[in-house]
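These are the structures, in structure tokens.
Consider the two complexes below, in which chain A is the common component and chain B and chain C are the respective partners.
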Partner chain A sequence: MAEYDIRTDSKFAVKPDEAVNALKGALLKDIRRSAYVYRVDCGGCNGCEIEIFAAITPIFDAERFGIKVVSSPRHADILVYTGAMTRAMRVPALRAYHAAPDPKICVAYGACGCSGGIFHDLYGVWGGADKILPIDLYIPGCPPTPPATVHGFAVALGLLQQKMKAVHHVQGETERSQLISPQVPLSLRIMIERAARRMAGYWHGKRIADDFLSMVDGGNLSALSESLHAYLQKRDDPRLAEIMTLLKEEYATHLEGG
Partner chain B sequence: MVLKLLREVLKVGQATVPYPFVPVEVAPGFRGKPEYNPEQCIACAACTIACPPNALSMETDLENGVRTWSLFYGRCIFCARCEEVCPTGAIKLGADFELASFTRQDLTVQAEFRLAECQRCGAYFASAKELEHVLALLDQAWKGQQSLSEDDISARKALLRLCPECRRKVDLPRVKELVHTAWPAVEVLDGRI
Partner chain C sequence: MMLRPEEKTQRGQRYVQALRQQFGTIIQEETWQAPEQVTLTVDLNSLPAVVDAAYHQHGGWLSVVAGNDERPLNGHFALYYVLSVEGDETHNGSEPESCYLIVRALVPPNKPEFPAVTPRVPAAVWYEREVRDMFGLQPVGLPDERRLVLPDDWPADLHPLRKDAMDYRYRPAPETEDETYEFFDVQGEGVLQIPLGPLHITSDEPGHFRLFVDGEHIIDADYRLFYVHRGMEKLAETRMTYDQVTFLADRICGICGYAHNVAYSNSIERALGISIPERAHYIRTILLEVERLHSHLLNLGLACHFVGFDTGFMQFFRVREKSMKMAELLTGTRKTYGMNLIGGVRRDILKEQRLQTLQWCKELRQEVSDLVGMLLETPNIVQRTQNVGRLEPQVAREYSPVGPTLRGSGFPRDIRVIHPYSAYDRVPWKLTYKDGCDVLARTLIRAEEFFESLSMVERCLDTMPDGPILTEGFNYTPHRYALGYVEAPRGEDIHWSMLGDNQKLYRWRCRASSYNNWPSLRYMLQNNTISDAPLIVASIDPCYSCTERVTVVDVRKKDVKIVPYKELERYCRERKDSPLKA
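On to the complex of A and B.
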């Protein structure tokens, strides 16, 4: 029986030596205005590729930072690993890594590249790119939008600062959760939420129900109609108007029937 | 020819957005970084069950009575299932998308919550905040109801502060009585019908 699991033990990841690490800092200074990027798709859905290409179109134009997508790892300064690390793509991913000249920057791109994403527990998936390679930057997203891609590369090249910080919260002594919309009776809130979610879907329904309940003012129907009218005029959405009208009807029945 | 092209270029103007030097506006309904509010969280684990890629997870330490909720942005697929199922609105997807990070550690959020002890046997059985939330919800639901007396309400609430095992044992006499009134012919012996 094996004493280790090569798939989950990151001690088998490639480790660059000290000299290369020292060179990396110099690299960032030197390539600031011309970073050549090579992408390796290790087994993703192609969503990340589409967003990378969207990021080099004229709208977002990553090339104004000197970022250029090249077609050979031998030209690359930055390697972008997208997709979950699959068993079949492990060796090609390593070959691309070793083919790129040192020093190089490795970027894990997308949820799958960072950690295996939604495919993390599949039988052929080894996890994120950091299972076998030394990763310098993580760009999460599913897929990262073109602005997120541009931001990620700007962070990699040292143009922008990283925004994320680890958070660790410990429950306070008097910490209590607040009830949502305590001004309306529980049965009414449940009824409105169910009706809105039935009509608009779970996510939008919740938001619509919250908006509706914030306008309910202790059984005053005419005041509700007025605030609904103002709300709907601002939105200008016939679907929302339909749902709100139906919710108001349900609310009126609730007021009559109790 | 060149002049014509130049005129065309000037007419079209600049297509490139000035991001990242100027913030970019996201579309309405954009699902960005999940913003977590630990004060509002009751550690009920609804989100960790809903989360398709297991970016949300929860560990319960029954020895020390601590439950740890954790979120790893590196695995999140921004589907908003957590926001849909959250009963207290503690997690909401915001408009922030600038998640790039040099380390895995910076992509994590963790929160520790205390567990409630059973009033009878002392075992940990649920998150303390969840229990308080349920009691507050019951207060809201029972407010102004005539069918329940004050004593009934306090008895039922005391029952909720017990672990499921003890709750069953303590509630037995009431069940016995209920069975007796419903079917007088049935005899209840030692909790067995």
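On to the complex of A and C.
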């Protein structure tokens, strides 16, 4: 038996239609800033749904661009598909698609909607929404933040394209990328960054390592102690003091060892 | 975690003794996974009796049932009925003591069936339907023959969690494109079926409801969920290694993912006997409470929305952004925090973040207390929610719901008190419960818990000890298993994990809080008007995504059976002598 093709072998399959595609081109001009959005959750974890909620409530307020969430696909210009396309939701998702009047814009929202995300190859899902539907726009993220959501819709509505300017950088003959701090040996930098990140986490660790390395003065331990003391007094954070002390010990061992 | 020095002694010995006395040689084996976790292997035919005794005689609540294909290990399928045994108040008048008692029974592969526990303990109904779907073990005596988890288009004899059944990527062609799920068919004069879903207006997520109404009154309800079943448990056992699953656990639920993350990490840390640093306990507690802040504000907002107070909805969402910013500040992301590693956390909280969080806590307390005051002064809200969607204590006792749904019906049950984890036994806090049994009670509990969470965040930030945030250098020991549990915003999340021998999990059973809350929803819907249905559904703060798994079983006194349709028909017509009264 031939392999089952989920996109075409269904009685609900979406068939390409030239006339609709032509209408689609005119859609944006017709709806302008009055876009009705219907959300279809096809197996999302709720993270995407709640961030869409956040995007339409007062702080981010997508309605100022005319983007309104409606409660029936019959009213929709834009369909937003969230979540990995599960087996059980495939037919309801297609029925929602057919229920919306042509022409319409389909958006795949979130990592799972775009590609299936972490669930991409599981038995219970078909992958992203584009496995069964024609998708016009992808809004990635796990989940996309409300600003990313508003940005995505603005792109969908053609509000943004004209404002984007691409810059192409061509590397010059003698141009070389710079080390972040050339005065510190790379091996020392890596060691300190690793230690700091292990103790304080990736994000804090980088900043702590940068601060520490800016105080390292070529192997003069007592000078380092002095500037560390002043630094810590200003910060007044016992946990930071603990981390810095441990970094100093590592640094001292490093000096002795090599 | 978390072998704390003070708790080397095994809790729950008394229940084991009592069960041994009652059942004698039926109990074949006793193993302890942690000081508060004991597994008793029992004779398969006596499984319902033992679970029943633990549930009804020793104050047990059914937490989760895990099926497991142990044929490669010992030649059998295994069933694990996990009960949180908390003792009866009248129990010999001694100090209350609680433990997780796990009743295990082996099912021979040549006769894949087991006696159903549901007729004695209705709370087991979904679990047993799920075990049938996923392992092909037939619960004998379970009246509901319908699928629970697997979609309609899935082949009949393929059980995804059997080890030899299929590759995790196997996608059989759909068997059908029509909905074959059989809903109740309640008929009678003047009874109307209202289908709602799977895509519907009351909530974002897919779920299919059938309400049976006479005029405006809901006579009965049936519903079907699990539209978003993806196969996460299989994924954890195949593609991912055990230490990557923390990040998958975050994606069980977009709202309370961190609770799952902690529950999963705890289960592995217990199984491997890893003790995690104090500071990591505090950071986990802070983040769990930050997650509760945004989740409860979300639900309070929705409660406003469903009674038609949309201004309130928008206002709650406005202030909710502050809790989202708090999460972003502490974890780097608004949702799916990804903060846990096995052995601790990935990111420290330094002074700058601490001060900012404390400042936001102060502002949030003011803003939310203004809003809650406004909400309660709106006459509409009390009228719409008082005595609506009642969950009677007897029904609650039989179905083991969790979280605010249970605490709204007068049970002071909170995992943070009964089985303390992380730093909940180190900082003082107050448990909230109410005996209104209605939507109002559940809403008020969430409001009060919100303020308690704020205080807890502040206390933890103030008293957080210094020191490392991660334990490293432990060993992976094959085939150990243990439970992890967390009181998520919606109630107890529980994870049962068993390690394999290849740096992966052998079996992972994660159960989200809503899974236990759904089955009792039917009783909340009955005898209300149709206009209150969305409000009632929202009052359990359901989370379809993490539940992803209702039924025709009914409590009548202590024995359980299908209420005959004729009986319902009669009830529809006469509207008296309800067959559903407990």
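In this section, the second predicted complex is superposed on the first by the 167 of 258 C-alpha atoms of A that agree within 3 Å, B and C clash if a C-alpha of one lies under 4 Å from a C-alpha of the other, contacts with A are read in each partner's own complex, and residues count from 1 in each chain.
Here, a contact is a pair of C-beta atoms (placed from the backbone, for glycine too) under 8 Å apart; a residue touches a chain by one contact, two chains touch by 3 or more.
Keep in mind the model is a prediction, meaning the values are calculated, not measured.
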{"item": "Touching partner for A:Gly152 - first (chain B), second (chain C), both, neither", "value": "first"}
{"item": "Partner chain(s) touched by A:Ile118 [first = chain B, second = chain C, both, neither]", "value": "both"}
{"item": "Which of chain B and chain C A:Lys206 touches, first, second, both or neither", "value": "first"}
{"item": "Touched partner set for A:Ile59, first chain B, second chain C, both or neither", "value": "both"}
{"item": "Partner chain(s) touched by A:Tyr138 [first = chain B, second = chain C, both, neither]", "value": "first"}
{"item": "Which of chain B and chain C A:Arg39 touches, first, second, both or neither", "value": "second"}
{"item": "Partner chain(s) touched by A:Arg198 [first = chain B, second = chain C, both, neither]", "value": "second"}
{"item": "Contacts of A:Met89 with chain B and chain C, given as first, second, both or neither", "value": "second"}
{"item": "Doubly contacted chain A residues - partners chain C and chain B", "value": "58-59, 117-118, 121, 142, 145, 202-204"}
{"item": "Contact set on chain C toward chain A in their complex", "value": "151-154, 160, 166, 168-171, 173-174, 177, 179, 198-199, 201, 204-206, 226-232, 234-235, 239, 247-248, 251-255, 257, 279, 298, 313-315, 317-318, 320-321, 324, 332, 334-336, 345-348, 350-352, 466-470, 543-546"}
{"item": "In the complex with chain B, residue positions of chain A that touch it", "value": "58-61, 64, 108, 111, 114-118, 120-121, 128, 130, 136-142, 144-145, 147-148, 150-152, 154-156, 159-160, 162-172, 175-180, 182, 185-187, 202-204, 206"}
{"item": "Chain B to chain A touching residues, read off their complex", "value": "15-17, 19-20, 24, 29, 36, 38-42, 52-55, 72-78, 80, 83-84, 88-90, 96-114, 128-129, 132-133, 136-137, 140-141, 143"}
{"item": "In the complex with chain C, residue positions of chain A that touch it", "value": "4, 9-12, 39-54, 57-59, 71-73, 83-84, 86-92, 96, 117-119, 121-126, 142-143, 145, 198-204, 235-240, 242-243"}
